[in-house]
């Protein structure tokens, strides 16, 4: 269902979802042409990250992981400098030092991105500790996958967050449904014994809830409440947002298994192919969001297609910008090891 | 036994299979190992040996390392796969404080026969958290053995030796070598840990290199040969213990030393080699030793910056020239 | 013959608890006299958990302990003379003076090793359990740890692994209410530590750890479950320690409980026996054990220092 | 002033001078009797202190996040060996963040630990991991050996926008040194010549400086004039001071409490071998903790660590060219 938001806001959310989707589709295409190294895509999780992070305000910090592209776009990062970073160009957000694994943009609220599983959890909790000690009402959001819960860092950090009632929201995107390695009947995953991931947080007395990550209304409501709790000093929240792993994400290297997203499938069932039918009809959150917007009368198919053309063009321009950008000078490899001392 | 030409990673797979087959106490533990792991080293092993011996683990590096130590204390010979060297940081306490010390702390009552396969190295734009070379840390920990094969034959021979060794052995794999080819004898005998190899005899300068840098140094040596400079190239193969005898013997003949590794120069393996040799053979050095390694910076992600980060053929050539010019 | 003599097993239990108590008190005395150095953590007041749990084990079952290990080693059958020698850094100690208090190892009695790292022993016990299960053995492993270990990430990783793989391991949390120096409430909001086990589907019990009979019964259930292929168990034993975190603590009051007859596991055990019979034998046992402990300590202190030649031996098996 | 008092003084100044400074952890003075002084400081500033659970990975990582959010945390890992629990956060996160972000984000935090052989610590409580940290670019490392240096260096560390490792040693706590009322921050990368001499350069850091000075006194009586170079910070390192001293004396002994293999002594020796081989009149001698885990038993413990007697003997051997 749709969140209780005006049409303009909802369309803005769709726009960011489309930017994220087209950005990564084009990235996968690019990887066919040239070696751009290992990368992870967010396809299939847009309906979680984009409405959730769009709620944040300036000064709120978010700590993400190796699957970060959608998160940055959700908070307004631009395709150009993102592509540039992924391609190691000097115009990238991290001037080519971070790449896709450490894509971060401080001005968009992403101070650093760790690609060590669970690596972002202690710093996210620490940022909340900092806000609390500084008397600030900012919140910290920890963006983690289900695998991060297998790390000891989770347990130590959750305990600290609960002890100190810190303003942190753990948004755990569980994309393990139908993932590689999941054996029949096993949920949440083949490598986690807890039968319910929320138990791992509620054992510490942390407010915790599991939601359908494809349901934007549920994402919006839950996240709104969690952020309000944090701002009010009422402590941490753990949200498990369940999404289905995109078929293109099941192999180790992402591939366009379901083709490029055809938004017309949102209103024309006849063009949905047999292969991956379930994905197109039920599991692709972006198509579902378009269907909901249309049935709620918030948008017409013409506007959807126009929006898609615009965002696709923006994303293409972003890539051109990146490809036209120079590499950093080799000597830059020696810069930014240390921040300068004053005086 | 028949010599075959295979890829480095195939030699690893072959030895794992052979050792699982010859010793029922050998087990494999790691993330996604039943699916072959990220680079396919364990492909097919789960099908042959079953999930009780080829064990998928959660992403819990600390516990898995400790669990392997416990299994090793209790009669198993675990082979733990660490997906990226940098993630050893998460298991550092179990490695340094437990695996490395039990034999000593118990005065020999306990043994920890385990192998830790660690994949790493610069290349592929993986950035600062997936590319670091940590051999100097391990060298600094008494109780650990460390090997770093550069050739396909050693990839097999040293892995077999590591698995059969009664102490914890860190087996460093460079992902940039996985697809390199060389000769290999399936089921062949282990390579002795602690023995360096002179891969190219020469008389003018000794170059000691490790892991992928051996290939770089070999190319440099061939280039230098065209200038009439005769390099003796030593592949360290074993980082701990260091084969001082072979290296010292070489330096006594050439009187010049260049050390090449991929980790940062500061505090790196090269520091130990230069310090050790300057103590052992102080009087023979005709010129100052030169260390070639990465700059004092984390590994950049940009493939462009990356190529300037790790030592290149030219860097080695320049270093060799320096030992010859600086008379 | 004393008419109301203790039953053989009761006498053995009491003897064992006294051996632990007297050993720890003697160690404390020796530390104060400068005969033992290093970090010394005593388990006075926690005897019932060690004796109760180890009494449920077979000789081949394995125990992995932490930085407060003496009680577990003694309960598993270690000789106190060699333990004293190790604490005093002598060549005749179990580890030839290389390990000391925190790194005791007596594998010949199934006390595989201790570790000075909080929670560091838990994965080791899991590994031994994995080995037992893979090699088709019937042996069960036990990890003893304190309430402080429960806040470590390693603990969490281990619960997950033990449950996933149904390992034959028994996790014993000796909850003495203090993590190092500060009360448990300063370390976690979780009030019943066994709740963590429930999260991972591991059967758990929280019991009065000062009641030997209760500990023994719960341990037998857990060990039987493990041996029967039923996987891990978690036992939270609520107990007390009557000394601070370590010997020589300048702020001795912190991290210890006042000596309390109601809580003292030995007093309680003796009272429970005297309910049956008005025996005077328990005092005789104490006296006899104290003599035994004094003699063992004296002998250990006259033992030679380790040979310097051995300093660099056993770093690795061979180069 | 006692060194232990200087530790407390440095913490006090940090707290009072900058409201962003918060202390995480409580074992700055280890388990020594001095630690009650830290307790007193904490009572005076209860709102500036955080007592973490035994969860080094979690709370050191939390220090990183707090630094990013605007605090300047001073995080205590107590015994150096416990940093191994937190290596993933110290070496794979804190050290890399500024670089990976291309300079966008800084991590202004201080991580304190007590290293080295302390008497009965045995293999799991006697580490000196600074040599390993040194091989990971992105961390600044201070190794004070004198109360006044300590106060000046900590001021700089707190002001620095980088993660700084503050290396302390429990055996330093009982040493004394003059501390002027006014101590300015000491810039990093400036060695201190703790004793001037002409025959032999001894390089030492942290507690080993004190032992080297004691040895230098004994050697002076034999007519050997020793110059003691204390780097004060390992990263950045004042290479120039070492090379200058070696140029003067022609002899170098490196004393270090890390293990020998790939220790601080390896790097210092390599630097001199690379840049000042011609100045050396005899091979450099390295005196470090032997390459065995630190044993528990007292006589063995003493046997593995650099002692005053061993420094004296090693110094003689270098000067005599043995």
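Each chain carries a letter (A, B, C and D) given by its place in the written order, and its residues are counted from 1.
Keep in mind that, in the parts below, a residue touches a chain if its C-beta (ideal position, glycine included) is under 8 Å from a C-beta of that chain, and two chains touch if they have at least 3 such contacts.
The shown structure was predicted, so the numbers you read here are calculated from the model rather than taken from an experiment.
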Interface with more contacting C-beta pairs, comparing A-C to B-C: B-C
Chain located farthest away, centre of chain D as origin (C-alpha): A
Distance from chain C to chain A - Cα centre to Cα centre, in angstrom: 47
CA centroid of chain A to CA centroid of chain D, Å: 41
Cα-centroid distance, chain B relative to chain D, in whole angstrom: 30
Where chain D touches two or more other chains, by residue: 53, 55, 57-58, 81, 85, 88, 92, 96, 99-100, 122-124, 137-138, 291-293, 295-296
Contacts with 2+ other chains: residues of chain C: 95, 97-99, 103, 115-117, 151-154, 157, 160-161, 164, 187-188, 315
Residues of chain B touching at least two other chains: 57-58, 60, 62-63, 86-87, 89-90, 93, 97, 101, 104-105, 127-129, 142-143, 295-298, 300-301
Arrangement of touching chains [line / ring / star / complete / other]: complete
Residues of chain C defined as touching chain A within the complex: 151-157, 159-161, 163-164, 187-190, 195-196, 198-202
Residues of chain C that touch chain B when the two form their complex: 62, 64, 94-99, 103, 105, 107, 112-113, 115-117, 120, 122-132, 134-135, 141, 153-154, 157-158, 160-161, 164-165, 310, 313-319
Chain D partner contacts - residues on chain A that touch it in the complex: 61, 63, 92-98, 102, 104-107, 111-114, 116, 119, 121-131, 133-134, 136, 138, 140, 152-153, 155-157, 159-160, 163-164, 335-342
In the complex, chain D residues that touch chain C: 31-33, 35-36, 39, 51, 53-55, 57-58, 81-82, 85, 119-125, 290-293, 295-300, 303-304
For the chain B and chain A complex, residues of the former touching the latter: 32, 35, 38, 56-63, 86-87, 89-90, 124-130, 295-298, 300-306, 308-309
